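Across the two complexes that follow, chain A remains constant while its partner is chain B and subsequently chain C.
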Partner chain A sequence: MDKVLSNKKIIALYVLPSLLLILGVVYIPIILTGYYGLNKWNGISAMSYIGFENYLALAKDSAFWSSAWHSLLLALFSTLSLVIYLAVAMVLATRIKGANLFRKIYLIPMLLSSVAIAQLWLKIYHPTNGIVNSFLQSIGIANPPAWLADTSLVLPALFIPILWQYAGFYILIYYAALKNIPASLEEAAKIDGANALQIAWKIKLPLAMEVIKVTIVLAVVGSLKYFDLIYVMTDGGPNGASEVMASYMYRVAFRAHDFGYGSAIGFFLLVICLIITWIIRKLTATKDTIQYS
Partner chain B sequence: MFKKKWTMLLLTSLCLALVLGGCGSKGNNGGASQGGGEAKGDQVTVTFMHLWPEGVSAGQNKIVNQIITEYQNENPNVKIKQEVLDNEQYKNKLKVLSASNELPDVGVTWAAGFLQPYVEGNLFAPVDDLLNGELNGKFVAGTTEAYNIDGKTYALPLEFNIAPVYYNKAIFAKYNLEVPQTYEQFKQVVKTLSDNGVAPIALGNKDRWTGSLWYMYMADRIAGQQTLANAISGSASFKDEGLIKAATEVQALVDSNAFVKGFNGLSNEEAKSEFLNDKAAMYMMGSWDLPNFTTNEEIPQEFRNNVGFFKFPTVEGGKGDINSWVGGPGVGLFVGENSKVKDEAKKFVEYFVTKWGEQSVTGAGVIPATKVDTSNLELPQLYIDLFNEMNQASSITLFADVQMPANAAETHLNMIQALFGKAVTPEKFSEEHDAAIARGQ
Partner chain C sequence: MISGTAGQLQSGPASSGAALGRKIGYGLLYIILILVAVLQILPLVWLLFFSLKNNQEVFNLPPFSLPMDPKWANYSKVWNAGNINVYFLNSVWVTVLATALTVLLASLVTYAVTRMKWKGSSFVLGLFMVAMMIPVHSTLIPLFSVYNKIGLTDHPLSLIFSYVAFNMPITIMILLGFYYALPREVEEAAVIDGCSVNRMFAQIVFPMTSSVLATTAIINMIYNWNEFIFVNTFISSDIYKTLTVGVQNFIGQYTTDWGAIGATLMISILPILITFLFLSDKIVEGIAAGSVKG
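Up next is the complex of A and B:
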């Protein structure tokens, strides 16, 4: 086996199918998207080359920047909520009663598709029959807000189901990372008189740091390109109050028939994601990794 | 050893090519003949892509299949191959197929603004020869015009829709309300209902075109049909006094709690269910929703008996008359310009349109774009009434979002939501419209 894998031609052969696939399905479309962004094109008739006009228009498009701001807010909240997910995972990783049950409860939203979650929360937020407003009315608030129709409330109202949707995913990752920490370290600390908080802060957190960094990147990049739940629940409305970059791209390309401009937005989105990933990796870079053994 | 490796490499790439090729080869066998044992002439296959899946549009789906079966019996050398998608998927697939120049021989399209880019891209074949042939004079006036671009007609319409205000007779009776003839009376109805804690109008303005219907009627009644039509076509301004007043009136309606709570966050389906559940008294929608109020067995008979409709009331001092409607042709059939079996495709379209006219009335309860004599048919009263109203129409204004090019339509729809949500003033609303229409495309 070793002999086979040291043969460069064989390696090339094994890599080739997936390489071709990933080139065809991922990289070539990215390059094409960047190229479409340089054209005026309605997606149907012939393209005409207009240079960087679309990208320049992007800089002046207030609707785009407001959607970018919403994406950024979502990224910020997703990152902040990682703290809660980590705390939950730490509790679940200790031997508390019913940890198994809780783990399942947190994981269930992960099993549902985004569309199902959107339908569920649409019912919850329904202005007259929804659980939220029925509850508010029952405690004496006569005129509760119409969550998804109110431009100032729609964004937080959408963030809640999004954060809820991904809770299970991050908790699972953290749980696995924490379970990987040898029990002997914790026991040693206990013998030395450390309390639970000190163990969490001084031992578990540093040892889970590599995983935490990865989850920050995942949360930020995932938020920047977030689309589905918002598309189904509000379609970016009302008046663009819940528009994010990806939903704006879809609107421009598929509704307004402006594929050139839509592609420019898509390509810009890719560049932003790359830059932000790079920044996060720089900011969280540590020189010496902590080892336990 | 070396040779073996390269054979493997070749084999792998071959498999890959097969897998990838398999994805794209659907619907590509335009003129392929299939087992033409007894057929005399050339066996041809006409591909037909439409948007009436069995689950969503059972009535239409049945009719389509009937027509196809009959056609194939009469023309044994033709085989019609269907591809069925639902609405949103259909629109997206049509775009993708156009980009790769693989449109079906016959397909479904919408009018005016939707049609334009396809015509500019030379993808649809003109069908004027059919219009001047056997189908001459068979269409309801004003229907084929919507498919006309630069003097050529690019599709034949199947349906024709107008938008009345449906109302719940039981709720109206409970509060002693009468069908309003004037806008003053209408406002009084709204006030009575809202004072009694009943939502007057179900509106799902998340979909935006729903609110557009209300604005269009308001504009039509106050400024007149011609003013609105000119503003949409760009030959006049939306800053017309009457059009601004119409926008102001829309906001006044919102202020008087005329629409269900949270309408800007509700989809049309959600709003409709408020109406279907007796929670809202009125609902303005195209005549395509008629089956829900006449023959749809899933909706309780008791509710269906309670549904009536009225024409949008006249506004005092306004220029519009009560018989002017907002509406337009629904979908139409196009023939692909690059179709290899264009003649057969055109023949099929001609046949389909003729048959559809008769069968869609009784089978699906939709109003066809071709003239139909309904006197001998047994039909729900609501349907007949609306049908008669349509024949008396003084003018019909095409839905604004259909009429405008896609980009301007998008601005119009956004502005509608902003207007209803009071995020823009009527002046700003008009300005944005003018700017978008001036930009064109």
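Up next is the complex of A and C:
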């Protein structure tokens, strides 16, 4: 058995194609991103090595920091909206009839392409004919705002469709986690006189903590690299008011043809995603042990 | 938590007052759930409605009124006028090919990692797992310049390579749990009977994993069908564009014809919605399995 299963040729045949692909498409490019970031390069003519100049310029680039701030706000908003998702999942998990149907309906927006969602929401926010402003006008607000053209409203207006898009995904994860909690625990707590609120807070929440931890990482890292919806709906505008890190990188590299500087942003994005994943895992790991003990 | 109320009412004494209270409690919970469901669906209903109207009806009738005579012509118009049919077919074949390749390659890797004996297997597995944390955007510029150098920009292979590589980690992760749980007795018996590794994989293990393969295939299909940034960056010719980018460009040219835009969007989301109608259990299961990453 062991001899058959340690055939080097077959192992290479099974693993190498995938390994080469992931090295070529994921690992070598991230090394190149770091390297390009050290160069002045427009993508066409020869690169010239300039050391950390791009990274220093990045530190002083107010447009970049404002895009980073918007990404951070999105991460904060996404994390906070997890509370709503968890609450809805808790309702769903209370042995209610039709829970299955509900969680399937909730999931639908997540299955659709971000371009379709973005185009649909562009129409929803349309200043004169969109459903938001049609509704506002019908209840007597004569001059409703032009949501996506208003620098102070555009970011919150973009957060709503993002919340809409991902609601079903997180509700599904939480629902699955809550359903995994053995009913006997709940029964025992009830016999001991705990009310439903105490059961939710003291039993269900700690036991779902492992999954909550994963969703926080997903929400934060997902927000930091968020791109599609914002790119299609506002392209970072008006006036950079909805620019996020990934859209700023895209603009610098593929519109302004500054591949070196764009790569520096891409590398920063990579490093920050890895660091934040690591930090959240560390933080939530310690919390866990406290709650389980 | 809202769930508290229902649980509390449920555990209350069985007097008629408590029974009434329980009913009200459950009624409230249902109202919350239905409200969320309506919010999730309403924009799509509105989209369906305006895809069947002309501009006059869109702007003058109430948003959620059905058109008097549905303008199915919007659909035939956009299907024939733009390159929507080309984009659609591109989406289909790129999605199917990338999904099949990912599932096959990931199965081979997972088999080699869980069943075969070799040094470095855990390191290779680690490489795939860490790749899950790497943002697509950080690889975009070098991928573009490398594909450009080897003549793969504006070529569907650039999409296939990228989709397969970026979906491989999550696919392997879902397969891993399943492979670990597979009994080894059948394989042991097969080896004693002189079966080769290739035959064992192709005729015994691969068929045994068909249910989890379906799950991973669905995850892959949804991702590939909806992928935007790679197509948008690598592909410039209309003949190679997929629906997501094609739709985006098409709408750019018809910004004022709401019916046409609605019909285009409906065409781009219908395949997913129809798949969902028939396979919703598998999709829910697949997304739940795929979500445990991180």
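Quick note on the criterion: the second predicted complex is superposed on the first by the 269 of 293 C-alpha atoms of A that agree within 3 Å, B and C clash if a C-alpha of one lies under 4 Å from a C-alpha of the other, contacts with A are read in each partner's own complex, and residues count from 1 in each chain.
Rule of thumb we're sticking to: a residue touches a chain if its C-beta (ideal position, glycine included) is under 8 Å from a C-beta of that chain, and two chains touch if they have at least 3 such contacts.
These numbers come from a predicted model, not from an experiment.
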Overlay on chain A: chain C relative to chain B, clash or fit: clash
Partner chain in contact with A:Thr284 - chain B first, chain C second, else both or neither: neither
Partner chain in contact with A:Trp201 - chain B first, chain C second, else both or neither: second
Most chain A residues touched (candidates chain B, chain C): C
Touched partner set for A:Pro109, first chain B, second chain C, both or neither: second
Touching partner for A:Gly43 - first (chain B), second (chain C), both, neither: both
Chain B versus chain C as contact partner of A:Asp258, first or second or both or neither: first
Which superposed partner A:Pro17 touches (first chain B, second chain C, both, neither): both
Overlapping contact positions on chain A, where the chain C interface meets the chain B interface: 10, 13, 17, 21, 24, 43, 254
Interfacial residue positions of chain A with respect to chain B in the complex: 9-10, 13, 16-17, 20-21, 24, 42-46, 122, 125-128, 146-151, 154, 234-235, 237-240, 251, 254-258
Residue numbers on chain B that touch chain A, as the complex places them: 5, 8-9, 12-13, 16, 20, 92, 95, 98-99, 117-118, 120-121, 123, 205-206, 208, 260-266, 270, 274, 279, 405-407, 409-410, 414, 417-418, 421, 423, 441
Touching residues (chain side chain A, partner chain C) in the complex: 1-2, 4-8, 10-11, 13-15, 17-19, 21-30, 32-33, 36, 43, 87-88, 90-94, 96, 98, 102-116, 119-121, 123-124, 129, 131, 134-135, 164, 167-169, 172-173, 176, 190, 195-197, 199-201, 214, 217-218, 221, 224-225, 227-228, 232, 246, 249-250, 253-254, 259, 262-263, 266-267, 269-270, 273-274, 277
Chain A partner contacts - residues on chain C that touch it in the complex: 1-8, 10-11, 26, 29-30, 32-33, 36-37, 39-41, 43-44, 46-47, 50, 58-59, 62-63, 105-106, 108-109, 111-113, 115-118, 124, 127-128, 131, 133-146, 161-162, 164-166, 168-169, 188, 191-192, 196-198, 201, 222, 225-226, 228-229, 233, 243-245, 247-248, 251, 258, 261, 265, 268-269, 272-273, 276, 280, 283-284, 287-288, 291-294
